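So, here's a batch of structures to check.
Two complexes come next, and they have one chain in common, chain A, joined by chain B in the first and chain C in the second.
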Partner chain A sequence: MSIAVRSVSKNFGRFAALHDVSLEVAEGELLALLGPSGSGKTTLLRVMAGLEFPDDARGRVFFHGRDVTDQPAYQRRAGFVFQHYALFPNMTVAQNVAFGLDARPRRHRPPKAEIRARVEHLLGVVQLEGLGARFPAQLSGGQRQRVALARALAIEPSVLLLDEPFGALDAKVRKELRQWIRRFHDRTRITSVFVTHDQEEAFEIADRVVILDKGGIQQIGTAREVRGGPSTPFVTEFLGLGENI
Partner chain B sequence: MRFRRPRRALPGFELALAATLLWAGVLVALPFLGLAGKMATVTWEQVWASIADPRVVASYRISFGLALVAALLDVLFGGMLAWALVRYHFPGKRLVDALVDLPFALPTAVAGLALTALYAPTGLLGKPLNDLFGIQVAYTPLGVLVALVFVGFPFTVRAVQPVLADVSADLEEAAACLGATRGYVFRRVVLPALFPALLTGGALAFGRAVGEFGSVVFISGNLPFRTEITPLLIIVKLEQFDYAGAASIGSLMILVSLAILLAVRAIEERQRRRLGLGEGI
Partner chain C sequence: MSAIAQFSPSRARVHATADPAWVRWGVTFLGVGFAAAFLALPLGVVFQEAFRHGAGGFLAPLRDTSTRSAIGLTLLVAAIVVPVNTIGGLAAAWATCRFRFPGRRLLLALIEMPLWVSPVVGGLLFMLLFGRQGWFGAWLIAHDVSIVFAAPGVVLATLFVTFPFVARCVIPQMQAQGFAEEEAAMTLGASAWRVFWKVTLPKVKWGMTYGIILCNARSMGEFGAVSVVSGYIRGQTITMPLHVEIRYNEYQTTAAFAVASLLCLLALATLLGKTWSERRLARAFRAGAEAIPAEARS
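Let's look at the complex of A and B:
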C-alpha cells in the first residue's frame, strides 16, 4: 500500500471537514477524490501531505507502511501541486524547479551542475524546454501548472498530491493537460492522488474514484463500478444518474 | 481630418487629471515655487556660505545619518511588529494595532516631551539605563535616534502589513512540501515578497525622519556639532532674519531627500521589471 489513511477526523471550529475517514491508495495508482465543495476532499489531501493534522491520535497516515502522522510537510517529501500553482514569483522557472534541491541541507544537496542538469531534464519532461529563464508572471496558466508539476517532481517524491490541478485553467487547456497527466502517470507510475469537483475529469483519467460528501467517503471504485452501481442516494444524485434508474 | 481624442474605457480621465494637477500644484509645488523665488534673490556665494558652514555641515550628518539608521531600525522593528499583527492572534491585538498610528496623530512636540521625560537622566527609563549601563539617552545622538525611530515606525508597519497579509499561504506551504525548513522559507520566499514594502516603508520613515523637528528638539538638547538637526538650524536662521540662509539649507535638504526617494522608486521599478510585472505606477 502506497498511502494509507486510518480513522482521520478533522474539525475546523464546529465544521466537521473529515469524519473518521479511512482510505488506501495502491502502489502506482492514479486516484481521484471527487465531491462537492465542503465535502472534505481537499482537507483529506492536505492531511496526506502533512499540511493539516488529524484531530485525535486515532487518525494515522502511512506512506509505504511507514507512519508519517507526526512528520510535518517538510519531512514527508510528498510532491504537492496547488490549484493556483503557488510558484515563487521572485524566482525564474529554473529556480522554482530547483527550489526543493537547493533547500536541502548541504550534505544532501546535489552539486550545482547536477541540479542544473536535473532542472533541464524536468523542463523537458513537462515540455517547457528553453523557458527556464522566464519568470512565472511571463507564462500562461497551463505553462505555470506544468512548472509547478516539474518543481514537485524535482524532489523525486514517493507520492504526488494534486489539489484541483486543472481548476484555474480554461476548458481547452484543461482537457489537454489532464490527458497529458494521464500519459505522464502511465509512464512514471508515481502513486498520485488528485482532488476535483468535476466528475468527467475524475472518471476520464483516474484508475479509481473516491466520492466524498460531508466529510465522509460515500463510495470507492472504478468509473464503471461507480456509475453502474451507485451505493448511496447522494452518489446517484451527485453523478446525475437519477434518470437512469 | 479632424483631431480625434482617443476613446477610453474608463471615464473621467480629463477630470481626474485636472484635479490631480491642481492638487499637486497648489499643495505641493506652490510652496516649492516660493522657496525657489527666494533662492532667486540669493547669490551663489551666500548659498555656499550658508550650506558649507561647519555647524550646518555637522547637522547634515546628524539629520541624514541618524535618519538612515532610524529607517533601518524601523524596517527591522516595524517589520517584526507587522509580522506579529498579521500572523498571530493575541489578547489586546486590536489595541496594539490602533496604537501603531499614535505617532501619526500625536503632536510631535508632545511626543518629544514625553520621550524626554522618559529618557532624561532622572526619568523612568533614563535613570536605570544611566545607573546600570552608564548609557545616557536624552541630550545625546542616541536620544535623537529614539525620537526618529518613534515617528518613523508606523510607516514601515503600515507598508508591510497589507503585503504580508497578501503573501499567500500557498507559497509557504509549497516551499514546506518541497522540504524547506521554516528559516529557509522565510529567507527565500517571504522576505523577497516583502522587500518592496520594506523598501517603501523604509523610504517613508527616512523622509519623515529627515524632516522631523518637533519630537527631536526636546530630547536632543540641540548641542551644536553634536545633536543639532538641520531643520532646527533653519528655524534658527529664520529667527535671525537670515531668510536667504534658511532658504539655501531648506533647498539642499529638499534636493537630497528628493534624490533619495527617486532612487528608491527606481529600485522598486527595476525589481518590478525584473519579475516581468510591467511598468507599475
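Let's look at the complex of A and C:
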C-alpha cells in the first residue's frame, strides 16, 4: 500500500467533514476522490498531506507502510497541487519550481548548478521550456497549473496529491491538461490522488474512483464497477444512473 | 427584450449620476477651504513662528542640552517601540487571520482598544500598575526599579498607544490573500521560519510598511499617555512633544515652535511615506486579485 488512511474523523466546529474514513491507495495508482461539495473529499486529501490532522488518536495515515500521522506537512514529502495554483507571486517561475530544493537543510540541498539543471528539466517535463524568468502573473491558467505541478515534482515526492487541479481552468484547457496528467502518470507511475466534483473527469483518467458523501465513503471501484453496480441510492442519484432505468 | 437591455448606454448614466455644477463647486470649495484653514494654516504658523528670529533664532534652541535630550529620548522610544510593535502586530495579525479559536473576536477588538480609549487612560493604567501606590509599586520600590517617572514608563505608554497600527494595516491584507501559498510552501518542505520570511512577509510587506510609518509617527508625536507617566524630569523623561509644551508654558515661543517644526517635518515625511506605501499596497491588492482567478473571487 502506498497511502493508507485508517479510521480518520475530522470535525470543523459542529460540521463533520470526515466520519471514520478508511482508504487504501495502491502503489502507482491514480485515484480520484469524487463527491459533491461538503462531502469531505478535500479534507481527506488535506489529511493525507498533513495540512489537517485527524481529531482523535484512532485516525492514522501511512505512507508506504510508515506511520506519518504525527508528521507535519513539511516532513511528509507529499507533492501537493492546489486548485488556485498557490504560486509565489513575488518569485519567478524558476524560483517557484526551485523552492522545495532551496528549502532543504544544507546537507541535503543540491548545489546551485544542479538545482538550476533540475528546474530546467522539470520545466521541460511540463512543457514550459524557456518560461523560467517569467512571473506567475504573466502566465495563463493552464501554464500556472503546470508550474505548480513542476514545483510539486521538484521535491521528488513519494506521493502526489491534487486538489481540484483542473477546477479553475476553462473547459478546453481542462480537457487537455487532464489527458496530459494521465499520460504523465502512465510514464512516471507516481502514486497520485486527485479531488474532483466532476464525474466525467474522475472516470476518464482515474484507475479507481472513491465516491464520498457527508464525510463518508459510499463506494470504491473502477469506472465500470461503479457505473455497473452503484452500491447506495446516493451513488445512483449522484451519477445520474437512475434516469436510465 | 434585447432593446430594453441595451437601452441604458453611458450617456444616460452620466446624466443620472452627475450633480449640478454648484453642488460640485460648493463641496470642493468647502473641502479645500476647510483643509486650508484647519490644516495648512497652522502648519504655516508653526514654521513662521519658528523662524521669527531668523535661522539663528531657529537653530539656537535646537542646540541646548534639554532640547537635545528630548530629541534623543524621542528617537530612543521610537527605536524600541516600532520594532516591538511591528513584531507584536504581525503576530497578532497572523494569529487572528490564520486560526479560529475561542476569544478571537475579543482579541480583534482588544487590538483596536488603544485607538478608541483616550491616551490619558492608557497613561493612567500604567500609573495604576507601576506607580508608587500601584499593584506592583511595593515590589518595584523594594527592588529599586523605576518604571513610571522614568524612561521605561515612557516606552511602555508609547507601546500601548501605538500597538494597533501594524496589526490593523496587515490584517486586511492577510485576510484578502488567504494562506494557500503558505500551505504550498509547507508541503514543499519549508519550515515555519522559512515560510514566514519567504512567503508571508513578502505578501504583507506593503501593509506592514504602511503600519510601521503610522506607528513611527505616532510614537514620536504621542503626548497624552506619555505626559501622565513622564513626571516631567528635565533631561530624563521629556520627549519632544512634552518639550514643546514646557517651552511654550515658559513663554519661549520661538524655542517651542522650533521643536514643533521638527515634529511637523516628521509629519510631512510620514505623509510622503504613507502615500508611497499606500500606492504600493493598492498595487499589491490588484496583483493579488489578478492572481486569484475570477471564478474563485465570486
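FYI, the second predicted complex is superposed on the first by the 245 of 245 C-alpha atoms of A that agree within 3 Å, B and C clash if a C-alpha of one lies under 4 Å from a C-alpha of the other, contacts with A are read in each partner's own complex, and residues count from 1 in each chain.
Convention: contacts are C-beta pairs under 8 Å (C-beta built on N, C-alpha and C of every residue); 3 or more make two chains touch, one makes a residue touch a chain.
Predicted model only: the values in this text are computed from it and were never measured.
Model built by superposing both complexes on chain A: chain B and chain C clash. In the superposition on chain A, A:A168 makes contact with chain C only, not with chain B.
When the shared chain is aligned, chain B and chain C each come close enough to touch A:G100. In the superposition on chain A, contact of A:G141 is made with chain C only, not with chain B. In the overlay built on the shared chain, the residue A:A16 is in contact with neither chain B nor chain C. In the superposed model, A:I220 lies in contact with neither chain B nor chain C. When the shared chain is aligned, chain B and chain C each come close enough to touch A:F88.
In the superposed model, A:G79 makes contact with both chain B and chain C.
Judged by the document's definition of touching, chain A residues 49-51, 72-80, 82, 84, 86-90, 99-100, 103-104, 137, 148, 151-152, 154-155 lie at the interface with chain B and also at the interface with chain C.
Residues 49-51, 72-80, 82, 84, 86-90, 99-100, 102-104, 134-135, 137-138, 148, 151-152, 154-155 of chain A are the ones that touch chain B when the two sit in their complex. Every residue of chain A that touches chain C in the complex is listed here, in rising order: 49-51, 72-80, 82-84, 86-90, 99-100, 103-104, 136-137, 141, 148, 151-152, 154-155, 167-168. Residues 180-181, 183-191, 194, 198-199, 202-203, 287-288, 290-293, 295-296 of chain C touch chain A in their complex. If you check the complex, the residues on chain B that touch chain A are 168, 170-171, 173-181, 184, 188-189, 192-193, 274-277.
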